[in-house]
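This is the structure I want to talk about, given as structure tokens.
Order of writing sets the labels: A, B and C. Residues in every chain begin at 1.
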Amino acid sequence: MSTAITASARRHERPTASWRLTDRLGLGLAWLLGLLFCAIAGAIVVFFLIEGVRYLRPALLVTNPVAGVSQGETGGFLDPLLGTVIIGAMAMAIAIPVGVAIAVWLSEFGRPTLMARVAESAIEMMAGEPAVVLALFGLTLFELPALGFLSQTSHGVVLGQSFFAAAALLSLVGLPLVVASTREGLQAIPAHVREASYALGKTKIATTRRVLLPAARPSVITGSMLGLGRVIGDTAIVLLLLGGTLTFQPANSTPVLGVLRGTGDTLTGYMYYNSPAGDGNSHSKAYAAAFVLMLIVLALNLGVDVVVRRSRRAVRWS
Amino acid sequence: MELRKPPPVRRLTGYEVPSSPPSNGNGLHAAAGFRLPARLGAPSMVAIDRMQVEELSVSYGHKPAVQSVSLPIRQGEVLALIGPSGCGKTTLLRSLNRLTELTRGASLRGRITLDDVDVAHMDATALRRRVTMVFQQPNPFPMSVFDNVAYVLREQASRRPRRAAVQGAVHEALARAGLLDEMAGSLDHPALRLSGGQQQRLCIARALAANPQVLLLDEPCSALDPVSTRLIEELIAKLREDVAVVIVTHNLQQAYRVADYVAFMYLGELVEYGSAHKMFGSPREQRTKEYIGGAFG
Amino acid sequence: MDEDDLLEPDRSTAQDRRAELSLGALVFAVLALLLAMFAFVLHEGWPSFAHNGLGWFGGGGSVDQQIQAIFTSGDLKTTPVYTFHAWPLIWGTILITAGAVVIAFVSSLFVAVFLVEFSPEWLRRMLDPVVRLLASVPSIVYGLAGVLVIVPLIGNHLITETEKASVTPAIQLSGASVLAAVLILTVMIAPIMIAVFADGLRAVPRGWLEGSLALGINPWRTFWKVGVRTARPALIAGTVLATARALGEAIMLSLVSGGVPFAPNPADGFPIFLFEPTQTLAATIIRNGDQLDSPPMKHTLYAIAAVLLFSAAMLSLIGWAAKQPMRRYGVVA
């Protein structure tokens, strides 16, 4: 636990009197910017809280968007909300296993070294890859006739937009966060834990599955929640690959698969639709959706907090 | 540094500790039967009261670490703090230059003065400029050897001096800590890649470069070989004329060699305080006797 | 000894080997996918680069008209038109990204130092979760606040009528501008930087800070010279991450920067040029993302994507290179 090095219980002289001018200016600037940051952060939080409470109605959560002229007619955002949930679940269903596998390989195997180095920097770079580029690539990829079964085909042309396509590309957005966090968790486990398990004659992979991964579970969960936060916050991939069609447009009448092969929308897409740049252009709806989205992100953050705190309280390696 | 009124000077007229222990031919102390090593250097004839610790108690949360300790710290006489592990030596040392304030939950009662000014009323930075500390764990900064020593010269100055301007002082500090010859030519070596003992001497050099009035040494020789230990001890003997030195050590022979006064602490209490001669010769307290007896017996 | 015991190590190493191979294959597959994406993006973008040469990065003509011509030429099945001079987009991207990153870096550094070391305990407790929340707020949310609050504010109160009139024939100053984009982008990436910086600063060993304080160096100087210095790798990592986000941000910037592919001209005078609208590279892709069925359009968009991808790669390379000299003195975070 860290303590401020300036914390002083008993101070009678003016503490900075003997400091260099630049030091006093620096400290003053830190206070100024720190308080400014507090003000801005507070303003943002309060702003969205007020707008959200003002515009969010329970009815918005259970009705679907419809085309309409007046505010009362355009409905709510049930489908986008469900879309956010679906897309988040699908993307993480890919990102978590793959991310954990990559992290395990990097931290437990990692040979040949050259490949490990390359993989490390590639994953790091992936975190900085623009989502638009992924979206563009995904659009071309899923337009391939061979992948037509994942989206819908009209007049022999594969559309390339579907929940499958969007989730596949969004999983790449969440992946680096899962890998980084899991890897950190695995590396924090001291070597003697592994050695103890090997000494019992367990294989490396059994050790990983039975000992290391359970121990690193808080890190996996943390990484997954952070990744999920990025995934549901993305707009570019949703607009290009999910279609941004406001409601589910199933590819056919098959119950679940039809929806997943079809297009839809998420809260971010809905917000874009209702921003001045979109066709809906209704700021009350946009604020309401933003509020809901921020609540989800807040919940994810609190979840991370709880997981981290619990793991701190649990076994400490020493 | 501003001029202050000169500290009280005490002439040590009746001071008659011999420079080598009173011993019979085979080196055994006559009275206690302890084998006492030779002491380093003659004691200074002038002792100046620098710091006074009065009824100092420090606790971490509800756990007391130091309990109503009172003792003087004088320039001209080296003070050694001895005692078993965990008895509060480091805590006492850290409260002398208000480093305990940095520990969350640490609370302090009592009074510490430096030249008759309560340290609590001083600016902490100004206080630490005059009372510097070498830590139990060597903590050189992640910079080169040269920059480590030059750091204090550069950052204490009102404007950053050039390398050439501090070179002399850096070399002198390194030489006094016995590191210059070893490091000659590789002063740009990263300090974190030195050996533990070298790091410790670097930290001592760093503290010397700060030119303090009171120097606090927390087990400065715990990672050193006999030769470097000897060097540091000689340095301390030389320093005591100009600097008030407090040294924490687990090595009782060392305490005897370098210290003029010894304070024995046990479970946070100051059990006994007296001249080295008396403490090692004929301690009053049973606990002191047992502790010291274990080492010399 | 029993046979089982003899067989055990064999079977277990075989198991391990299998696991290693399958995990390795997965990693390899992901790497291959990334590489394929790189190659594909470059390949698809190549016709646009080949046709324009270095002129692609230069200026000339209106980007809007060029895009229009490129798009229609694909539709009509005539000779495809490729002429494209992306300078206004590049300039807009540089201006907005650099502006936001510089402002955010300086202020985030001070805020992080304040947060970790100089703020009162209760404030730190309150702000830590807020920073993390703001760092994970979706960009579209910031975009919404920007376009509904900041843009009208700038348009109605900051820009004077004379300023509007001075550039009227060329463009309209509505408030959606470089300034709005820089402001909103700064607010968006600063929490990311603060979070990473603060983590790095917290990881600085207390012993180094105490060692400096014990030499009588004041707390500010101590934290600046030892703390911040030691945390430099974290500063680089945070800056690289935030810059990558800024570069790749599409929707939010297309909302607040005006979506007009215009190169803000510093010659128009100091405040005015900040009020001019522009469009970034990433925003161009998203605006025209529904026109991929026109082959020349597709190649042009992929060329833009290639530039973005290359910049992102260079960014992480620069970050890596900048950390290297710090290893020497043991500053590794």
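Criterion: contacts are C-beta pairs under 8 Å (C-beta built on N, C-alpha and C of every residue); 3 or more make two chains touch, one makes a residue touch a chain.
None of these values were measured; they are calculated from a predicted model.
Engineer: Using the contact definition from the top, classify how the chains connect: line, ring, star, complete or other.
Structural biologist: Topology of the interface graph: complete, with all chain pairs in contact.
Engineer: Please state whether A-C or A-B has more C-beta contact pairs across its interface.
Structural biologist: When the contacts at A-C and A-B are counted, A-C has more.
Engineer: Roughly how far is chain B from chain C, going centre to centre by Cα mean, in whole Å?
Structural biologist: 53
Engineer: So what's the Cα centroid distance for chain A and chain C, whole Å?
Structural biologist: 16
Engineer: On a C-alpha centroid basis, what's the spacing between chain A and chain B, in Å?
Structural biologist: Here the centre of chain B sits 54 Å away from the centre of chain A.
Engineer: Spell out, as numbers or ranges, the residues of chain C touching 2 or more other chains.
Structural biologist: Touching at least two other chains: 206, 210, 213, 218-219, 221.
Engineer: What residues in chain B touch two or more of the other chains?
Structural biologist: 102, 124-126
Engineer: Chain A: which residues touch two or more other chains?
Structural biologist: 5, 7, 18-20
Engineer: Chain A touches which residues of chain B in the complex?
Structural biologist: Those in contact with chain A are residues 101-104, 107-108, 120-126, 158.
Engineer: For the complex, which residues does chain A have touching chain B?
Structural biologist: Touching chain B from chain A are residues 1, 3, 5, 7-15, 17-20.
Engineer: Where on chain B does chain C make contact in their complex?
Structural biologist: 97, 99, 102, 124-130, 132-133, 135, 137, 139-144, 151-152, 155-156, 190-193, 203, 206-207, 210, 212
Engineer: For a test of understanding, state which residues of chain A touch chain C in their complex under the given definition.
Structural biologist: 2, 4-7, 16, 18-20, 23-24, 26-27, 29-31, 33-34, 36-38, 40-41, 44-45, 47-48, 98, 101-102, 104-106, 109, 111, 115, 118-119, 121-122, 124-137, 139-140, 175, 201-206, 208, 226, 229-230, 232-236, 239-240, 268, 271-272, 275-277, 283, 286-287, 290, 293-294, 297-298, 300-301, 304-305
Engineer: What part of chain C is in contact with chain B in the complex they form?
Structural biologist: Going through chain C, the ones touching chain B are 205-208, 210-219, 221, 225-226, 229-230, 328-331.
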